[in-house]
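You will see chain A twice below: alongside chain B first, and alongside chain C after that.
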Partner chain A sequence: MKRYDLIVVGAGPSGLSAAIEAAKSGLRVVVFDENANPGGQLFKQVHKFFGSKEHKAKIRGFRIGSELLEEANRLGVEVILNATVAGLFQDKEVTVRINDAINHYKGDAVVVATGAAENIVPFVGWTLPGVIGAGAAQTMMNLHGIMPGKKVLMLGSGNVGLVVSYQLLQVGCEVVALVDAAPKIGGYGVHAAKLARTGVPFYLSHTIIKAEGTNHVTGVTIGQVDRKWNIIPGTEKHFDVDTICMAVGLSPMAQLLKMAGCAMENNPQKGGYVPVCDAYGETSIEGVFVAGDVSGVEEASSAMIEGRIAGIATAEYLGFIDKAELTEKAETLENALSSLRQGMFAPENKGKLIEKTEEGYDISTHLLQNGFFTDQEVEKYPGVTKQPGVHAVIECSQNIPCNPCQDACPKHCIKIGDKITSLPVIDEQTTCSGCGLCVAACSGQAIFLVNEDYQEGYASITLPYEFLPLPAKGDTGWALNRGGEKVCMAEVVGVNTSPLFDRTNLLTIKVPVDMAMKARFFKGGSCHAQG
Partner chain B sequence: MNSRIAEHPILGTIEKGKLVTFYYDDKKLEGYEGEPIAAALRAAGVMVHRHTQKKGEPRGIFCAIGRCTDCVMVVDGKPNVRTCITPLAEGMKVNTQYGVLEKSARRSEETA
Partner chain C sequence: MHKVSDRSCYIGVFVPAQDDDMLICRCEEITKGEIRRAVHDGMFTLTEIRRYLRTGMGLCQGQTCGKLVTGIVARELGISPAALEPAFSRAPMRPIEMKVFGNEKEAEGHA
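This part shows the complex of A and B:
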């Protein structure tokens, strides 16, 4: 039996973070993961993360994965792959299946960071080939370079459903509809807006009645639900699709902890059956810690911080650092963690209908039901101003923990302040240089540069563009509004692919001046995104 | 249907191993060495991986990460191989699975 100071189960964002912090304090650490590649789901995340600069906001998930792996390797953390942890026992003995053999390991401390598994919704035909999890779609397209299908219907409007739908558009799939039984969109409004302006229709208060097909999916029927979740007769709609994607939440994978005898609780705010743990992630069994989704489903950003805290706590538990050092290091991390848990999407607000922002602005019900603002609604937010010449228009209306736009602006035009969930405010005393750094820095792609004085009768709009083929200067096509409708002809007058933007290319289009606050997407002759 | 992504707007070109041939129900197909068998099959347009034991219902990729076991097939004579996490190799023989055993193939075909 091999011994380690610390055994970590799971090489995802929280497991690797825990291993890194423990190794920094001098612990001998091994990480087991059942997958062939480390990084958990990070390498499938091609979008820019939310949060603060200190905690990897505006960096794409897969790059964060590479950074964590490099750091773990540099610190001498041993990562063993294709190694399924099959048992965890009270004396911190761990059984691991590698190839077809069971191996025994013993740790003086253990961090369980097994993450979460996807939920499913059963409907008639849900077992047909072509019905897949949203995670499967991400795995196929972003790891293996395979389109999951040509025409896809997404079930679930949480951040996973919204982000994966956008990723499907990016590889050239058509998303025919985004469906959710809830009456409002569950994820960030900015993620929904990215889809709506390409023309993806949202069907809230709708669910799947059946998947159609004999050997594989050839279509789907959805219908509207009443308050008791029953289908309202006569509301059925059919779509020809080859793929149905489910993004209906995640459940913590806490089986190992239950097996070890940890005290468990059923906590809906945390996404299900989870171990009881303290602020450092220590369970009811001394020396057995948890971090990440296994202890409550959240975002990868918070999983990484929880992992770091647990890693430091194991070092203190084993006497590598003293209590004072733990308290000091953990405090900074705990503050960061609690800032990520503020705002409208905080765990305690799960399922609540929030009608106003912290600042007192109305939340757009049109956004929550359709994925985009009405033209009138957008003008009242503090990021939207009318100014002469080029200026940023920030269509950000929800209190979410994110602030890269504030740091991106070299002219300090954008203010969020210390509270990371506050809405960005445009300071009208400053002058925008039109550099576009804020447009590319916004993980929600909610910032546009508008210039209503571009030419006599014409305005220019600079928008973030992450599709192929990239239009060229001089191309003409349609300008689409926030709802994805063609509103006018547009000419591409600028394309900026600076490496600083990390592949969020900036497209500047010229439109009639009365479209300056309406046009928000460009559809060229052969662009991948639908319209 | 060509479902291979030639170029990804964020990831660029997705690196692949060398092109190899393998056999799907005795039909010669091509895929990239090291990619999951399931990826090569999906790229070739194959949707059905197996038929269930009792009702003979079709099943294919569902989770793509080795968790659900919906995509198992008979690979080089071994049944219940999770094709979504098993790397493709030159000359592999990948057969549709009927039921839970490699031998049940013929019986299920007769009743189908």
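This part shows the complex of A and C:
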């Protein structure tokens, strides 16, 4: 039987992070993953992450995956792919299917980082080809370069539903509607706003009644639900679609731990049935640790930190480091973790209706129901100011753990402070140089440069643009407002594709000055691609 | 919880519903109606349901339907889904062909 100091199950963000930290302390580490590629979901994540610099904010997910893998390799971590862990037994014996055989391994410690699986909602016709999970859509688009369909309806307005809908638009699909049975959008308002301004309609308090088609999906009917989740007769709406995508939450894949005999609990805040564990991720079985979604569904940034904590804890468990070192290292990480769990999207706020920000600003109900602000609402947030000349307008209205904009500005115009969930504030004593670094740095694409003095009667708006084909200087087309309606003609007067922006290209459009605070997207007159 | 262990507990008669023919466990092709009927046949725990109907015993090993089956059984019993203990977990955690499962590789290794 092959022995290792540490066996890690799952090469996703938390598993790799655990392996890295353990290897740093000198442990011999092996990581098994049933997939052909490491990284878990990271390599499907083409969007920029939220968080702070330490959490790899504003870096795209797949790049974080490469970084982790490189670090693991450098530290001598063995990553074995196409290796399905079939069982976790007494004394940390692990059986692994590799090729056509079952192999036995033994670890002195084990970290289970198996992640979570997608939930589904059943409705008439849900087993038809064309009904897919958001994860499948991401796999098709971002790993295999295949469009899941042409016309898609998305069910689920959490961050996964919002982010995947945006990616569907990017690959050229039409997203006909974003539907959620809840009365408000579950994910970040800024993610919703990115969709709304391209014209994607939101149907809150709606659910799917049936998928239509005989051999595959040809359409879908949705309807409005009442407070008891029953369909209100007469509210049915039909859409012609070839794909229905579901993003209705995740459930931890904790079967391996249950099988091993770990104490388990049913914890709705953590997404379901999870192992009971302490602050270091140690379960009721000594030396068996958990990290990432398997111990409670969150997102990749916190999974990576949990992984690091578990990795360090295994080193202490096996005597590679002492208690003092564990406490010291874990403290920094725990602080980082708790900063990610602040704000209105914190786990304890799940399902709660929050009406005001920590600063006392009203949360826009219009945003929560439609995906965008009204023109009046937007003006009251501290990132939105009226100034002569070019200046940043930050349409950020929710306390989310994210602060790259603050560091991005070389002129220090943007202040968030130490608490990373605070709303960004524009310091009116400073002068914006119009460099656009903040526009590209905002993972929520909520920052615009506005210049109401661009030309007599005209304003310029610089907006983040992640679609292809990229418009060229001199192109004309429509300016769309936050709700995706065409409001005026616009001319592209600048396109900035600096490598510094990491493919969030900056488009500067010229619009009549009264549209300066209304126009937020550009749709080329001749180009038919989404956006 | 009492309803799960108390078999004499009356849960009412089986009332057919419109969506009874909807598939819940895709791998084993078990419908919502079959699951509801099984509860009325006396299968009050998820392990019993699994043995009786084979829900969650197919290719995906209940990854997709597990939560749905739990919800349906709980509703039929009139209890919270959280009160139902999940079915046993045992090796192999993923579907593995018998010829592979039986092919135990000889230990190679480190002392």
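One rule holds in what follows: the second predicted complex is superposed on the first by the 525 of 531 C-alpha atoms of A that agree within 3 Å, B and C clash if a C-alpha of one lies under 4 Å from a C-alpha of the other, contacts with A are read in each partner's own complex, and residues count from 1 in each chain.
By definition in this document, a residue touches a chain if its C-beta (ideal position, glycine included) is under 8 Å from a C-beta of that chain, and two chains touch if they have at least 3 such contacts.
From a predicted model like this one, the values you see are computed outputs, not experimental measurements.
A.B. asks: After the superposition on A, what does A:Lys473 contact: first (chain B), second (chain C), both or neither?
C.D. replies: neither
A.B. asks: When the two structures are overlaid on chain A, which partner does A:Lys356 contact: first (chain B), second (chain C), both, or neither?
C.D. replies: neither
A.B. asks: Could you tell me if A:Ala117 is touching chain B, chain C, both of them or neither one (first, second, both, neither)?
C.D. replies: Both chain B and chain C are touched by A:Ala117.
A.B. asks: Would you sort A:Gly172 into first (chain B), second (chain C), both or neither based on which partner it touches?
C.D. replies: The first partner, chain B, only.
A.B. asks: For A:Lys386, is the partner it touches chain B (first), chain C (second), both, or none of the two (neither)?
C.D. replies: The answer is neither, since A:Lys386 touches no partner chain.
A.B. asks: For A:Met141, is the partner it touches chain B (first), chain C (second), both, or none of the two (neither)?
C.D. replies: first
A.B. asks: Check the residue A:Glu34 against both partner chains and state whether it touches chain B (first), chain C (second), both, or neither.
C.D. replies: both
A.B. asks: Applying the document's definition of touch, where does A:Asn215 land relative to chain B and chain C: first, second, both, or neither?
C.D. replies: first
A.B. asks: Taking the superposition on A as described, I'd like to know which of chain B and chain C A:Thr127 touches: first, second, both or neither.
C.D. replies: both
A.B. asks: Please write out, lowest number first, the residues of chain A touched by both chain B and chain C across the two complexes.
C.D. replies: Residues 34, 117-118, 127 of chain A touch both chain B and chain C.
A.B. asks: Where on chain B is chain A touching in the complex?
C.D. replies: Touching chain A: residues 1, 3-5, 7-11, 14, 16, 35-36, 39, 42-43, 47-49, 57-67, 70, 84-85, 87 of chain B.
A.B. asks: What residues on chain A touch chain B, complex-wise?
C.D. replies: The touching residues are 34-36, 46, 60, 62, 117-118, 127-133, 135-136, 139-142, 144-150, 170-172, 215-216, 466-468, 470, 503, 528.
A.B. asks: Mind listing the chain C positions that touch chain A in their complex?
C.D. replies: It is residues 19, 22-24, 26, 32, 61, 63-64, 66-68, 82, 86, 89-94, 96, 99-101, 103-105, 107-110 of chain C that touch chain A.
A.B. asks: What residues of chain A sit close enough to touch chain C in their complex?
C.D. replies: Answer in residue numbers: 1-3, 34, 84-87, 89, 95, 97-98, 100-104, 117-120, 122-124, 126-127, 251, 253, 255-256, 258-259, 264, 266, 268, 272-273.
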